[in-house]
Amino acid sequence: MSKPLLRLALAQFVVATAGRNMTKVAYVTVAAGVLAMVLLTIDPASDMAYHWLVGVLWACLAFFTFEWLVRIRHAMLSGRGLPYLVSGRGLLDAACVLAVPAGLVVGASQRTAWLLAVLWLIKVIPGVPGLRQLRRVLVLETGPLFSVLVIFLMVLFLGSVAVYFFERDVQPATFGNVPAALWWAVVTLTTTGYGDVVPITLLGRMVAAVVMISGLGVFGLWTGILATGFAAETRRDNFLKTWESVSNVPFFATLGPSAIADVTHMLRTIDLPARAMIIRKGQVGDCMYFIASGEVEVDLPGKKVRLGEGAFFGEMALLGNNLRSANITTTKLSKLLVLDLVDFRLLMARHPDLGQTIDAEARRRELENK
Amino acid sequence: MSKPLLRLALAQFVVATAGRNMTKVAYVTVAAGVLAMVLLTIDPASDMAYHWLVGVLWACLAFFTFEWLVRIRHAMLSGRGLPYLVSGRGLLDAACVLAVPAGLVVGASQRTAWLLAVLWLIKVIPGVPGLRQLRRVLVLETGPLFSVLVIFLMVLFLGSVAVYFFERDVQPATFGNVPAALWWAVVTLTTTGYGDVVPITLLGRMVAAVVMISGLGVFGLWTGILATGFAAETRRDNFLKTWESVSNVPFFATLGPSAIADVTHMLRTIDLPARAMIIRKGQVGDCMYFIASGEVEVDLPGKKVRLGEGAFFGEMALLGNNLRSANITTTKLSKLLVLDLVDFRLLMARHPDLGQTIDAEARRRELENK
Amino acid sequence: MSKPLLRLALAQFVVATAGRNMTKVAYVTVAAGVLAMVLLTIDPASDMAYHWLVGVLWACLAFFTFEWLVRIRHAMLSGRGLPYLVSGRGLLDAACVLAVPAGLVVGASQRTAWLLAVLWLIKVIPGVPGLRQLRRVLVLETGPLFSVLVIFLMVLFLGSVAVYFFERDVQPATFGNVPAALWWAVVTLTTTGYGDVVPITLLGRMVAAVVMISGLGVFGLWTGILATGFAAETRRDNFLKTWESVSNVPFFATLGPSAIADVTHMLRTIDLPARAMIIRKGQVGDCMYFIASGEVEVDLPGKKVRLGEGAFFGEMALLGNNLRSANITTTKLSKLLVLDLVDFRLLMARHPDLGQTIDAEARRRELENK
Amino acid sequence: MSKPLLRLALAQFVVATAGRNMTKVAYVTVAAGVLAMVLLTIDPASDMAYHWLVGVLWACLAFFTFEWLVRIRHAMLSGRGLPYLVSGRGLLDAACVLAVPAGLVVGASQRTAWLLAVLWLIKVIPGVPGLRQLRRVLVLETGPLFSVLVIFLMVLFLGSVAVYFFERDVQPATFGNVPAALWWAVVTLTTTGYGDVVPITLLGRMVAAVVMISGLGVFGLWTGILATGFAAETRRDNFLKTWESVSNVPFFATLGPSAIADVTHMLRTIDLPARAMIIRKGQVGDCMYFIASGEVEVDLPGKKVRLGEGAFFGEMALLGNNLRSANITTTKLSKLLVLDLVDFRLLMARHPDLGQTIDAEARRRELENK
């Protein structure tokens, strides 16, 4: 391949892998690699199977190496070679590529070295959409979560010392020192309860009961904190996503800024690919839609009508009879704003002028369709 | 039986089974069938018992076959034979009928084939009222729940590879390969903790402690997400159910649309069968009722008064003394709107005219009863 | 004892036991009885100990019999003998008294019959203050909770039939029939995980993993529903308790009904016995108090000032410096309304006239104290 | 050392330890001491290791003794010697110092006495920031939590008596008396499930299933209550912290008191040390900042601008393009108020005058930077 062609191929690869950060190919490679790694640890039925598995693993490694090199080159071309190499992403890419060879170099056996292929899983992380939201919750609630962790450690140490004191003479094999008692305490406090180490004295069991109930308490606090943080974060996230789109819909332009904030809280954004069916004729309708971007096609008897950016549809099922009267599908990638029946009612009540606009449009359409 | 009569019987059966989707007969059949299937796997005390159980199972199967045929016929009469057959419901009905015979045909033993009768349980699903609400929550929260699942899988794989590495030499029987370690990890991460596979090295136990605590964390996130979604969904569901009814009550007709939305948030809908006692004389009253549809009978000393659609009652205990002054029962299937004491106060405060109407009516009734 | 005196004693006993439904004596009796019952099942060190325990149990039974007879007599005197006997409370009282003798009569051994003394515990229920609130939550959320139960049972049956199918040949002793597999399923689905019955085949373990993860899901739904219901109920309960008291405080009388509803949401009610210290000098103050009923004493240097119903105190720490300037204690049973610093600020902002009143009073007091 | 110098050293030590209540030295000492205590219980490899560990423990004890004496002296100098000694803090300090020597005096072995060093952990508690908040939640929700505890105990006793009744004849070794059954019940109800005591009769297992499901229910209620309480407390805590700061920002001075309460709900306070980077050039901006106290430095191309108390920054990324246009770092300890993009929009909508001020300032800065 000539150099410009190669460069073009590289550029395309980078675009493909940068956009959603991981092409589907990369996902499949990760899955195949980890599966091969898992199977490699089982005594293989034949040498053949073993060689095949190792072959798959080397192929995956080759793919990740190629991907890494492409990214380095791309970063260097835009003058950010070093920043990429020392960024979290760059270090991760490097680790995925270098871990297994490094293991082999320092003398680990084939099987042991390939265990490090489990690191490839981490490449999936940036592609998970909701993870950023989870991280925000964890960051915002750091304080209370840290407090709960301190309580957890406190109960852990106090409980294990107490149980060690009561059980050490009766069960020297399992409660012979505090580290062993700590193992018991962590198994108990998380309510896992393997049963490999169990107190048998009366006082030891009383301490154990307190530790178990504390376990429920700690867990309850933990959950309570996360639930609270998550509720706030969800509300915020939805508002942000919707706000951008609302301003694209001329229908809402007549509203003052305060009413727009109000409306934004009511709407929900959904992204749809082309040719997705939004409304199916004959179904019960419980929401209407505004088109923030893209286009939809209404499949009326005898003709097809296209609605573009800023238009709305689905309001007829909310106003008159409950059943959808036509199939509606997207024609290209579209972003829609969904207004639930509940909020439709509230909107009509709080902003009667919007209600009239929708009403008039619905009546006009009904006439037209007759 | 002549053909028209048979058709009539079929039609009635369809109406009976279509309305609430499962007659009580079908529920009982499912329960009897599954119970018989469970008992069939126990070594029977006698051949007699065995034959009886198989008999019950064949009877249940016959019932479901009959139900399925009736539904097919009904669908074909209304020209929707094929759509029904390939719909989720139709396929489910077919599976329930055909699974056991298919099992017998492919050569499974009686006992094994009848195990498939457990599929009959799925017929209960559409009859569960709150399930639609649960599904909506799961759909709306798909993003975050999927993220949590990814974290779950990540911890699972990383934890099991780490524990395999530390334990494989010490416990080759239980931690001899990564799939075995994965079994340990899933048992630990869900805090089930059977205790059949337990790490015993110091480093293995440290990894186990991290996996257990991650288990609590994952679980907490999971619960937090579901709690958040459920709170939003409950509010929405209640609003929708109530909105329909509020418009049937003339009492609220004087309110503007914004106030109606306000009132709707305060009310709760309940459906009551005929002859249900709503208010018992002498009890402490903490709510009042509006009749959206149906009729109630007030059991005053010496006479019985009937109140119909749009009327309200129970307000006297909220205004004057706290005790209910008469028994009130429904005379037919009724839908009532409940206004809690809290919201009654708020309503009186925000809409003084409504308060005066209620007050005047209460005073009129008190005079009348003297 | 002459008959009128006896009647008087009975009447007093009834008053004492009816008010808070259980005197402290009854609580102690229940605790002593249950403790004696528990100890009776241990092989006693001596005959003496055994006879003492039985003696305690008979004494407790005598007490409950006496209590029951008093209540019957009291109910009969007020013409409600039969209603009491067949009411939930009456039947419970009867069961507590008659269960053990009935056990002895039908031929159970002493030890077995006294096990029924565990029923006495149920007498504690009506005295638990928050239980009514919990019951309301459970009633309101019946629908969703029932749905979750159905899902739970579904997973239980499907999981246990699948595991039975995969494990029956390998482990006939533990997975020999579906009831045994159901036991495994319930232990797994609740994430209890005793470890007495564990799948060992690959497919069985895969089903088990699904059941465990479903267990987390079911549990998360359960918790989410209860959390949602509880949040709503807490808000409602607090409003109801506070509303009654707010109307007793003349300070709020100038507010319109809408503002009163607003204020009610900000206040929290607390009940304090006599001689309870509310404010300690030198502490950081973060709330002020209104006296709904009762009286407090302010311990100023050189004199003691008493404040009665409708007065307020503690506002100085919110307005000027943060430290409390005097000890304040109740002189009798008092009901106070607490206004948090947060809500104090909001109240001052929304109702400036109230703010001025508080300000003026605070300044007057400061002058007086100098 | 001369006496004045010693006094000065003491005074400095007190100041250092009083401010954040525990210097980092004390934290390290606690960690070292507890670690040494844990290791001491393991059979040491050599006498040497043993003596080193005991040496570390005595050193830690010496440090805590010194700290205690300094605090006593300091308290006596300010005339509060006795109050400190009998306060919670004083008693805790005394216990940490005296527990181990007391153990040795009453004749416990070295190893046993040093177990009491686990009490040192409690010294960490007052330094945990979120613990006060957790305690408030627990106090406010005492009622419902107590109810859940009663339900828990009820199920515990009823379940264990029932299982004892069904299992005592089959498994006399493990279910021979009710205390043993109580141990089983607590292990089951908390879903710990060691598996050391497991029912094997059909009826016993049915009771066990009910106990397990009740365990989930109890746990769900517990979590629901804590989540509810925590949500309310978080909101309150944030409001309090922010309110103080808002009044320091002249920008908000033009708002009426009602609007200030409104704004306070939107803002979040963060404390930053000197030289912390707040905004990094090129990042996506989703919030703006107000300086409540401290100072920041804006790193513009060619010059550095300092912004002091009351200034705001970061608004340009919210108004125009999304990317931050300069690095901004703190120059000293600063308290900032964060306004999220969501709330920025709401604020602009509800208080248009503020919006104009921000807008004008942003435009002025943009001009200046060109």
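Note that the chains are named A, B, C and D in the order they appear, and that numbering of residues resets to 1 at the start of each chain.
Heads up, the rule we're going with is that a residue touches a chain if its C-beta (ideal position, glycine included) is under 8 Å from a C-beta of that chain, and two chains touch if they have at least 3 such contacts.
This structure is a prediction, so every number in the text was calculated from the model and none was measured.
Where chain B touches chain C, the two copies mostly use different residue numbers: shared numbers make up under half of all numbers in play.
Set against the Cα centre of chain B, the chain with the most distant centre is D. In summary, the interface at A-D recurs among the listed pairs C-D, B-D or A-C; the equivalent pair, sharing over half of its contacts by residue number, is C-D. When chain A is laid over chain B using CA atoms, the rotation angle comes to 90 degrees (nearest 5). In whole angstrom, the spacing between the mean C-alpha positions of chain B and chain C is 28. The mean-CA centres of chain A and chain C are about 40 angstrom from one another, to the nearest whole unit.
Residue positions of chain D touching 2 or more other chains: 179, 191-195, 219, 223-225, 227-228, 231. Residue ranges on chain B touching chain D, taken from their complex, read 191-195, 223-224, 227. Residues of chain B that touch chain C in their complex: 34, 37-38, 41-43, 112, 115, 118, 121-122, 124-125, 128-131, 133-134, 152, 179, 183, 186-187, 190-196, 218-219, 222-223, 225-231, 234, 286, 340-342, 345-346, 348-350, 352.
On the side of chain B, the complex with chain A involves touching residues 143-144, 146-148, 150-151, 153-154, 157-158, 161, 164-165, 177-179, 182, 188, 191-195, 198, 202, 205, 208-209, 212-213, 215-217, 219-221, 223-225, 227-228, 231, 236, 239-240, 243, 256-258, 260-261, 264.
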